[in-house]
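Below: a set of structures, written as structure tokens.
Shared chain: chain A. Partners: chain B in the first complex, chain C in the second.
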Partner chain A sequence: MRRLGAGIVSLAAFLVAWKLVTVIGGYPEYILPAPEVVAERALRAIGSGVLWEHTAVTLLEIILGFAVGAGAAILTGIALGKSVLIERVLSPYIVAAQAVPILALAPLLDIWFGGGLLARVVICALIVFFPIAIATMVGIRAADPLLAEMLRSLGADAAQRTRLLEVPSALPVIFGGLRVGVTLAVIGAVVAEWAGASSGLGVLINIANQGLFDTPLMFVALATLAIIGLAFYGLVVMVERRLVVQ
Partner chain B sequence: MLSSRLIVALLAIALVACQPPAASETEPALRQVTLVLGFRPDVQFAPFYVAQQEGFYADAGLEVEIEHHQAPDVQRLVADGQAEFGVADATDVMIARTAGIPIRYVSTLYQSFPVALIGDTADVPAEPSGLAGRSIGTPGRFGSSWHALLALLDAGGLTEDDVTIREYPTFNQVDGLTNGDVELVTGFRNNEPLRLEARGMEVGLLTVDEVAPLPGPGMIVGDELLEADPELVRAFAQATAAAQAAVIDDTDLGFAAAEVAVPTIGEEPEVARAVLEATVELWAGEGFADGAIDLALWESGYETMERLGFIDGSVSLDEMVAPSVLGDAARSADSTS
Partner chain C sequence: MSSIPDNPGGLPVVVDAVGVRFGAPGDGVEALAECSLSVASGSFTVVIGPNGCGKSTLLRLVAGLLAPTRGSVTVGGEPPRPGDGRVGLAFQQPRLVPWRSTLANVALPLELAGVGPPERRERARLALERVGLAGAATLRPRELSGGMAQRAALARALIGNPPVLLLDEPFSALDALTRETFNAELQGLWLERRRTVILVTHSVPEAIGLADRVVVMTPRPGKVARIVEVGLPRPRPADLMGDPRAAELTAEVREALTDAHALELRPWAQVDGEGAA
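After this line comes the complex of A and B, so read on.
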């Protein structure tokens, strides 16, 4: 209850500060709309169905991109953590891929994967991949060597040691990566839409900004993305609390 | 041996001699203004570079700083007074003004609408009605490319549901065309066709000018500046129009100025020169390139934009254009005949 109260106070303070900036700065609506203007625009966008139409597309991209990216990252992270050889072979490529600005690569990925949902999921998954893979690798390596030795002496094979010791002990670190990854999935979906899409919140931002000159609508799309990011982050934390022994 | 007094005197003379020459008190100070362009430095902006480098602006009492921003920022920066002048698509001006952004279109740069549908000659229909069932690549559902595409479809009795649209928000629709992902793309007549021809394609065009005329890009200013200082706006527009006329007369002059202002021009100088020559044709239109506004064209474009749902008619044409800046010599039957 106290946490909820703190959240409400924080949100109220943010809205007041935002309103003050618009009043003191004297910004016109097309530069920085006031919170009540954005709220009114949000109601209209919800009423017309426009907001949901675009939000549903982005949600699907985030869920699929995160699932694919996180799944691949955890498997790769386990392999990297368990095998020095695999790490030596794959690490340079993984790090180099992370260093390449995905914004530059996204238009090409869109063409390579034929546009559509598949291309957007791939772009989103690529953005999600790195922090989760590295967190998993670090977590796997941090398993207690004495416990590993004990399992070995009890005859546990590599797969059993991974399942019974390394993955469970790595969970707190893996979830650290998942927390970062899920917020990156939101960015990934928007980047993917900016590379080529007909709908989605990234497209709505472009239409509002470049097509309609509707700055309040652009803020509605941005606020929706922020809410989605917070919701998915909260979901990951909730799952973490259930799975990880504190 | 030189005495110390003589050394001090020589040093004093040397110091005085090293002082920069004082500005002539009779020389009027230039007024500093900013021009924002919605694209990276490019040869198509040659009139501005010529006006800046060849003294057209200085003769008008102006020192112009050119800034390059993203296209949709131009309207906002100009409306907010962060820049005095900008270049924007006329169709975007209609939408921005309707959305409450206080800007006015004050002079025409392109007498012909620069966007066209582009493709292999065999794929480009002779009439807009032939677009039914085609796949078309465009940057997105915004901007002059989108307006031109919908205007063409409308002229052919079609809607976007009658074609397959693929979006390329990073403006790489030409890659989609050469890759075979789409049959046609929207693009600028002074750019994409030349690059496609360089790749060996026999390029065909379907333009809006004959079937669904729309006004082309031009100069915009904020309402506040236009009201407060119309002479400044006039001086800038006239100097730009004069520089543009100079480039139309002598493209070498424009190319030389662009070579100074565009860092990448040396990479493909032949293409850049071809782009400039194609751009000059779009500026001149039907031999009318003094910056004046063709109000009849604006009225027709306004009706088209309203019919397509881009504007709702709540803001009148008078509030969007200011033809009085360069005189009321809007295109008349006499000047085009």
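After this line comes the complex of A and C, so read on.
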């Protein structure tokens, strides 16, 4: 209850500050609309079904992209953590792929993967991959060598040591990577949509901004993305609380 | 798995002309050299020696965690293999998995041996009872005191009912009184069922109190310097200070240690004095 209260107070303060800036600055609506204008626009977008239509597309991209990216990243991270050879062979490519701006890569990936949902999931997964893979690798390596020796003395093979020791002990670090990754998944979905899509919140931002000059609608789309990011982040934290034994 | 009968007693352990070298050839550390030791089935052997004499290395060899560079190690006539059920090992630190309950920690060897959940829970409960930890089954390791954690580690080493029990200074971090209680209980457990026990320690009184034979080792590269037979009747009291035969044996082991490495004796000779007080 206390946390909820603090959240409401902070949201109210944010809205008041926003309103004050618009009043004091006297900006026209197409530069900075007032909060009540955005709220009214949001109600209309919800009522007409436009907002949900685009949100559903983006949500699907985020969920699939995060699931694929995080799954691949955890498996790769385990392999990187367990084998120095694999790390030496793979890490230059992983780091190089991360260093190339995803914005530049996205249009190419869009062509390669057929421009549909698959392409957008791949782009989203790619941006999610790096922080989770690295966190997993670091976590796996930090497993207690004394516990590893204890397990060896009981006849545990490498796979059993991974399951019983390395992965559980790496979980707090892996969840650190997942927290970063899930927010990147939101960015990834929008970037993927900008590379070539006909619907989604990224598309809605473009339509509102460049097509309709409807800045309040753009703010509605941005606020929706922010809420999605917060919700998924909260979900990851909830799962973390259940899985990670303090 | 292995075909160990329910109550096999013990198995003989033979270490034959073993050499162990860590690191690069010609540049590494020689932990053991020409080390030979024959431990009779069902006997209680205490290995004592200065730091770095390869006592822990010796236990790792018998547990099958380490292969000798030269020579051979056998348990019941065969080289040991981790997980074969013939050897139970308790380390200097409890080494409990922090996110598992005490019960699940104790059941771990059975889990790895493929025993089903109901049976391993039941056996882990019995193992905990045997070491006086019946009430701690659901606690996490961080909720246990140092002594309780070591009891749990002992229960884990004993749960597979191994014919050979290896103890690597398992009580060295405990206070003197807890340690005495533990040694009495350990003697009781062994009298109940005569497994082959090899215990590594720094403490001379502990060695005399528990052992059939005390094996004194030289520092690096380690080998057996002298074997002292302890013919004292059992069960032995926690405090053997008044026993003239025990005093003789203590003097003999101390002398052997001094001969093995005079300088290394002093630091823990004092610790032992406190422990026996």
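Please note the rule applied: the second predicted complex is superposed on the first by the 246 of 246 C-alpha atoms of A that agree within 3 Å, B and C clash if a C-alpha of one lies under 4 Å from a C-alpha of the other, contacts with A are read in each partner's own complex, and residues count from 1 in each chain.
In the analysis below, contacts are C-beta pairs under 8 Å (C-beta built on N, C-alpha and C of every residue); 3 or more make two chains touch, one makes a residue touch a chain.
Because the structure is a prediction, the values reported are computed rather than measured.
Q: Looking at the superposed three-chain arrangement on chain A, would you call chain B and chain C a clash or a fit?
A: Once both complexes are aligned on chain A, chain B and chain C fit side by side.
Q: Looking at A:212, would you say it contacts chain B, chain C, both, or neither? Reply first, second, both or neither.
A: A:212 contacts chain B only, not chain C.
Q: Contact-wise, after the overlay, does A:198 reach chain B, chain C, both or neither (first, second, both, neither)?
A: Only chain B is touched by A:198; chain C is not.
Q: At the CA centre of chain A, how far apart in angle are the CA centres of chain B and chain C, to the nearest 10 degrees?
A: Placing chain A at the corner, the angle measures out to 150 degrees.
Q: So if I take every C-alpha atom in chain B and every one in chain C after superposing, what is the smallest distance between them in Å?
A: Minimum C-alpha separation, chain B to chain C: 50 Å.
Q: Just to be sure I follow: which residues of chain A are touched by chain B in one complex and then by chain C in the other one?
A: none
Q: Considering only the defined contacts, which chain C positions touch chain A in the complex?
A: 63-65, 81-84, 89, 91, 93, 95, 97-99, 108-109, 112-113, 140
Q: Considering the complex alone, what residue numbers of chain B touch chain A?
A: Result: residues 71-72, 75-76, 79-80, 92, 95-96, 99-101, 140-143, 146, 165-170, 172, 175-176, 179, 181 of chain B touch chain A.
Q: Where on chain A does chain B make contact in their complex?
A: For this pair, the touching residues of chain A are 28-31, 106-107, 111, 114-115, 193-198, 203, 206-207, 209-214.
Q: List the residues on chain A that touch chain C in their complex, please.
A: 146-147, 149-156, 160, 164-165, 168-169, 245
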